[in-house]
Structures are given as C-alpha cells and as structure tokens.
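Heads up: the structure comes next, in structure tokens.
By written order: A, B, C and D. Residues from 1 in each chain.
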C-alpha cells in the first residue's frame, strides 16, 4: 500500500461551508474528547476538522456506570453528556486546540431547553478559534428535553431559528436517526436556516445482562453506534442529500477509507468517525490514508468527484 | 452440552394467545418460505410455530435483483413481497403444512390498501389449519402503501379494526422499527383490537457499491436484519411490553439460545428467527436446544419464568 | 450442512485458488450434478454472515472429496483464501439444479468465462465418460486468470481466448461461435459473467443450438427460503422471478430472460 | 498501539490463562507502573469490536516481554484463549495510572481478590526490590481459581483464603484485616471485585491505614476519549465522575465513593 505522503496526485480537499477542509475526515463528537489524548498519537493538524464533545451550559456528570456495552459489530453508550460546562471548555479546552492552526474546530452544543442552547452559543460566539457549531438535538441519553428537539420538526426548526439568531459562525444541525421521516426533519432544519446537517447520531438500543436479569447499562437504554448502523446512516444520507441543498456530514460506522467513499457517493461532503477511534487511536489518520490510496487506485483525482456519485445522473 | 432430549426437566412451553406453544421459537416471515425446504433438514413439528412468507391478494414478482447485500453483522434485503398470491397459498402451501399436526401455522398478510388486506384475511378465514394471522404493516420494500400503515398510528389502528372485523382467528400486528415512537404505534394497535404484537421488522438501510458507483440493491434501499439490529429490537420489545397488555413476539438478530433469553427477559413471550436460518438451516432447532441447556444450567424450570425478568420488580 | 476438513488449498494463478475438502456426503451413494454449487461459510464471524456459493468443480470418488476453484473477489473470498489444510470448513450442499446430461448426444460444446469455467470440468468429465465428443471454449482476461486448462484437456479439445491475447487467441468466446462451428454440436453448456451469457444466448439462438446457461445471482440461504437470488425465467409463456439456488443455477438457455 | 508476538500462552488453572508477549515499548527506557493495564484486541473481527483491559502482571526486562493473567469471563476472553504462540496480538498500553510507590514505607499490605491478584505481582516485585516487607492477602472462590501464589511468595509472605476452604483458610480477605494485623503496615494496595474493595475500604478506614484501590469499570477506548469508564471520586470536597482508564484505574482509597 502506498503511504499517504506518496499520493500527492490525489486532491483530498473538500469545500465545506466557508472552509476548505484538507480532507473530508473528522472525529465525531464524544468520540475524541477535546483532542488532548489523541494528540499523543499523531498531529491533529492532519485531520480535516475536529468535533469536540457535547458542551452544555453547566458541568454535567452524566449517567451512572456501566455506560458501555459491546454489541454485534457495534456498541451501546449511555454517557449522558458528561462535560465540564461551557465556561470550562472556553477556558481550558478551546485554547489548547487553538494551537493547531490548521485544524478547524467544531463545537458540539447540547442542552435541555432552547434557552440553554442559546446561552451556550452566545458564550461560544466570543471565541475566535471556533469554525462552526454542531447542534446536538439528538442525544438519546438525556431524559429531559434533548431528544424531543431531534424528533419533532417544529421544535427542531424553532431551536435552529433561535440559535441562528445569536450565532456568528455557521451552524450544523446533527440529526437523530430515531425518527419516522428523516427528510422531513432535514427540510425543517434547512428552512429554519441550518447551514449544514450532520447525520446520524446513535440509534436507541438496549442490551440485557442475562446473568443479572436486568438491562446491562445502568441507564437502561443507550445509543447504538459502529459498523452495525452504517447501512441506516448511508440510507439517511442518501435520502437527505437528495432533498436538501445544504452540505451534509455523513456519520455512522466509518471504519475504513472505503466507508468514507460510500458516504461521499451517497451524497455526504465529509464524514465523521466515532467508534473507530476507540478501537484504534490512529483510526482517523489511517482512514485518510486509505481514502487517498483508494482514490489513487481508482483514478480519482479529487475526492470531490465522489460526492453524490451514486445518485442517478441527471439526464440518464 | 446436554442434548435437547436430555433436558426433560425444563418446561419450554409458553402460552401464547389461545395456544400453548411447545417452545417459544418460530421462524420469521420471509425467512422460511412455506416450510418445504427446511423440512428436508428436520421435522417441522419441533418448532414452537411457523410464520410463513407474506401473502398478498395477487401473485407478486417482487423487486429486481440484486435483492441481497451483506452488511456488518447483518444483511439487507429488498425482496419486495414476492409470493404466489393467497389463492395459490391456500391451494398449495397451507395443505402441505397441515400435515404437521403439532405445528401452529401463522400466516403473514401483506398488501397495498386496506381492502387488499381485508380480502386476503377473508379468504384465509376459510382455512381451518391456520392458528393466527400476522399483519405485515411494516414491509420497507413495497413502495405504495405498506409502510405508511406501519408508521402512522391512526392508519395502523384503522387497518387493525378493519381486519379484526373480518378475522375469525387471532391477529398479531407486526410493527416497523422505522418510527419515532414505537410505543405510540403499539398502543394504537392494542386499542384497535390487536391480539398480540410482533416486533421488529427490518430497519431501512442502504449499501453503496463503490465500484459501480450506485446503490448495490437494484431497489436502492432494503431492510436491515441480523445481529446488528438486535439492540434496537430488544429496546423496542422492552419499551412496548412495559406499555401494552397483549403478548409480544420479539424479532431481530436472534442467533443463539441466549438471544432468546434476552428477548424473553425484555418482555417477549416468544421470538422469531429470521436471518439465522440463511446462515444455518438448522438454526431454529439448534436455538431451541441451546435455550433448554441455558435454562437447565441456570436452574430455570419453566421458560415462562424468564418473561419480563429484566423489568424492575414491582415493590422493589 | 457439515463441518468438513480441508485436504488441500493452493494458489493456482494470480488471485485464483483451488480448494479440496472432504465431501459433506457419501459421493458413491448420493446423487450430485455438474453445475451444482457448494454454499460455504468463510468464517464463523458475523463479519461475513452469509455463505458464499462456489461451483462444484472436481469430484474425487476414491477419497470422497470435492474441489472448488475460486477467485478472490472481495473480503469474503479473501478470508477463505487464508484457510489452511486441516482447518474445518462449514459446507452446505451440493445445492441447486445442475446441467442436465443428454445421453443421446454425440458432441457437446462447453463455454466458460473466468470463474465460470470450474463447473465445466466435472461436466466435461461426465460427458467424456459417456463417450461424447467434448469441446470447451473458454475465455479469460489474460494468462494471469487462466485456470483449469489441463483439466479440461483431459476430456476433449480446448479453445482458449484472452482479452489481451496473452494466452490462446485474442478475443472473446463469441468470436469463435460461428454457425459453421456450432453445427458440429448437439448442445451447449455455458457458465460465466452475465454479459457473456447474454451474448452466447443470442449467438447460439441464431445458430439454432439448444443449450444451458448457469446464472450467477447474489445468494442468501442457497436453499430456497429467502427468495433473494431470483432471475426472470420464461416458462409456459409467463415470465416469473425464479430462485436460481433452487430452480437453478442452470436453466435451459431459451428460458432465460435478460434485460 | 502495536502488533506484538505471543511468546507463551498457558492454562494455569480452571479457566485461567497466563499470556506473555513482546512489550509494545522498550521496557528499559519507558516508564510503566504496577497497576497499569494493557488494552487488548482479542480478534480483528467486528464481533468483538472493543478491546479488553487486562492488568500488567509480570515484566521480563531481559526479553522485553509482558505477562497478563486472565480468567475466561465471556466470549471475548474465550476467543483470546484460543490464540497461539507466534500469533500477533494487538496491544495498546500500558495505560492509566497505576499504584504509587512510597519509597519511605517499610511494610506494605497487598490485598487481592480473584483476577484482581495479577497487578499485585509486579507491585510486590517493585516493593520488595525497594527492601520493603510485603504481605499479600489474597482470596479466591476455591483452589480451582487460585493463581500466582508462588509468584507472590517470591517477594513476601502470602495469606490465602478461599470461600470453600479448598486451599488456605476458609473465609474472605476482610476476615484477616483486623486492626492489630493492619497496624504493622504503612499502607495497603487492593485490587479485586467491587464488593471486596468496598469492604476493604471500610475495614481499613477504621484501622486508619491509608491505601489504594484499583477499580474495575467497563471500558471503551482505554485512553480517555469515550468517557465510558467513570467512577465517582471525591476530590477537594467535590464528587465527580472520573475516567478510570486515565485518572485510574488506581485511586487513593479515601477518594473512592461507593454507592
């Protein structure tokens, strides 16, 4: 296999919003913390962008342990938005990431009520080093609020309007797959002013600990991620990208460069990598390299050629 | 491992509707055809029951090939309800199954409009050898109609009422997981008179053939089944069984006896086995055997002890 | 379904492997047909949940063994290629309907493309044993993909074609299927990629030669319960989607409907 | 993360295995601590997507090798147990914060239960090397589960307890942790199932002996990015969920909050 460096001829850059990402691969929220740990493994500047852990107004301790379970080709998590709160993130985490000058930083924002989200976004708007916000209206692990925004188009639209009114940087809305009609949700967010969409967040699942006769996760249900959910994610990206005119970030089960190709062909402009980071700390850079090699072997000169390539061609 | 025959002490029978099933394991619709092929492998009387392929009013040819794709720990199918039509099923397939005197036969009914379903049920009501009907209001592979009933509680209720008005045997309603609120769907069906519920049908998914730059399935999307979906299925069974008072059949990714235990503990009274039959023609009888061994090893005298065992105990 | 033991596994060309294992049944007493397939689990991991269909290529009655020849196509066959002699192999079959043999025939034309060639070997053997004149016309991309030529040569004459002329004549199998050539045969038996089968069907319909086509559709169960592997077949004036694993993979050429 | 080679793999008791492999780093130049863990992929199949954490048990500086000792708990460790000498092993680590060693101490009490015993072996070696008096109190279900007794005996005295008395005294570790006994030690180091740790913490708080507990939570990444492995820890008067893979698995006993 040729190394990433050897394949100068493939152009991996993709335009995304006002940015030009050096490649379409970014770690997914909650699967990379705030970058510090992985920086011990490789230079974060190699990433297309970074999406940090969900940030809420106040510090949160999340759910009780156990919070993780392994499932066939996937995993369940019920972290429950544990994070140090927006002030601490602004004070301690974002300055650290600002060192990486070639790394666009996307901050994932979560909360319980619209006012929380608005307040977090107002405070983040003071920070120069953020490239975009990702609104997490889809976390399955927070009981009160959270998920509702992600499953009701009216409420999602209201949320997006409220955020757009206070945000001074692009707003990406992250959609939940736990809905009857993903296209309806996407259109509601687009109409309300979303600059981009990312999908999918986790599917709601459960595992029973048969020895203890109770749900394995302390929280009962959790979010399903990993290769198992990829077909659902690809389907939703395909459907949504056929309906909206804003760019899409594909998420769900990306483990290899070919998985990136699959999401791009389905209509995504970029992808996020979640669970794969837990299996292999080098996952993102390996995937970028594999993407380059695949393009090279398939005569693809620019990765942008792949975006939407699996869609019916106009006039055919 | 002790053989099934050796474990006389475990009582595998479960009451289900007016039936006493000799064990809680039945093949899922569309994953066992009408039983003929598997009868070459083992005696069908060993099954708790059999659910036959979706039957529609007229013969259907289904979708174009390719109709199958393999996914991580799962598969996609887009069969599209291919079947010979209800008259042919009554004439050729049901008499064949009637030979198996100890085998309750459940006929899966599908269609496009309520009238189709009603007509199929009317004709099946003439047949003595059917134990119950399973209403497939959730097939993701039929464009027109089909899926709507499975995602709109009002329409589902209307369908169930119409069927109950003409059916002279119990009606099981099979639910789609592709909804925002599975409990709402379940309650609508219960209120409308459903005698039992079965869940889940497949999740809608897609795979891209990156070499050919198009969706792999000729139909574009297909239904995701297999171990990958089990956590979603277990979660839905747990939630629905906590809300309704009618029995539930758990379906999704059952591959082993322990998977059966998981579904029973989550609140199912019986399970259906789909994809596993494709991997291993003996899957159902192997699973029954494994279930018996598990119960034996865990001091479970009657499999009914397991039903709902993972639920919070009343008064605890 | 049986767990059998691999007795030999060798790379025979670029990405091509020959795999021999104990037959899951007694070959002396059980009926099998050339053109039937074996449905093989490449690992017990859920990563490769479904079995892979591979054609019965050679039969060793003495040792009760079967041989398949396959190309590494994707991840599943790649995984299969890592299996070692002595490893267990989970095999279902032989399955499906194979080539029907016409005892009354004098000369049979066998047409194969790429990994469509393997089933023709056992077929050639049986036809040869009946005293028929066997002629195989086989096409490959290049010499790197050519397989089973000496096996076929045991039972009759072989015409080889390659896309790049690196072995045999340069061209494709239909190039040699001129009517004069075909007139010498009673029947043909073909297996290969769909575009080849379609072209063969067309050319030999014109030449008025009856024959059989072995179809290749994606399979799930391999035993007729998933209805995933269908191909449109015309019978009694009606076109219906038929299961290629159960009613096929071999069909009378005139029945097969190509879009 | 590194692909290393297994140099030995033996069953040492009922369901217990000792696995030795090349260290993923140079043990002479890289810092590691007793109580740290290795995060091991049991196969590259998605069936076992997550790594399994196993404690660093023994260090072989001469051959640059590490040893873990594990019990077959579920399907993943069962799969691990099928690995052969010479096989590649995907290992991340050593990770986390291990036991802090106090050079000024004279006598250390090591308390282990079941597969909580392995990390105590390297700990005992290091304490012994510093000239400390080491006493290990270890509990098992029965002699069938007893492990590493002769290893521990190299570095100090060992008191063994079993639930059924089949080896050592009948009873549980807290039975011997009377205040008079504990007074002889400067500090304790414990690892074992949560109920044992909870009981040990309580008993030794009464005895006023400072110490460390190694916690066992389900892990995802093992490196601090998934926030899946938390346990409530009291620091500066506040209780917070801390990552046991990064801030732990070893914590000062008085910090650990049990529910």
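Simple rule for what comes next: a contact is a pair of C-beta atoms (placed from the backbone, for glycine too) under 8 Å apart; a residue touches a chain by one contact, two chains touch by 3 or more.
No experiment lies behind these values; they were computed from the predicted model shown.
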item	value
Intersection of contact partners for chain A and chain D	B, C
Taking each chain's C-alpha mean as its centre, the one farthest from chain C	D
Distance from chain B to chain A - Cα centre to Cα centre, in angstrom	34
Whole-Å gap separating chain B and chain D, where each centre is the average of the chain's CA atoms	46
Per-residue multi-chain contacts in chain A, two or more chains	72-74, 226-228
Junction residues of chain C, two or more chains touched	46-47
Pairwise touch network: line, ring, star, complete, or other	complete
Touching residues on chain A, where the partner in the complex is chain D	30-33, 36-38, 41, 53, 61-62, 64-70, 72-75, 77, 79, 82, 226-228, 255, 275, 277-282
Complex interface listing, chain D residues touching chain C	43, 45-47
Contacting residues of chain D [partner chain A, same complex]	1, 41, 46-51, 76, 92, 217-221, 223-231, 240-241, 246, 259
Chain A contact footprint on chain B (complex, rising order)	71-74, 76, 151, 178-181, 203-210, 213-215, 220-221, 224, 226-232, 234-235, 238, 253, 258, 261-262, 265-266, 309-310
Complex contact set, residues of chain A against chain C	72-73
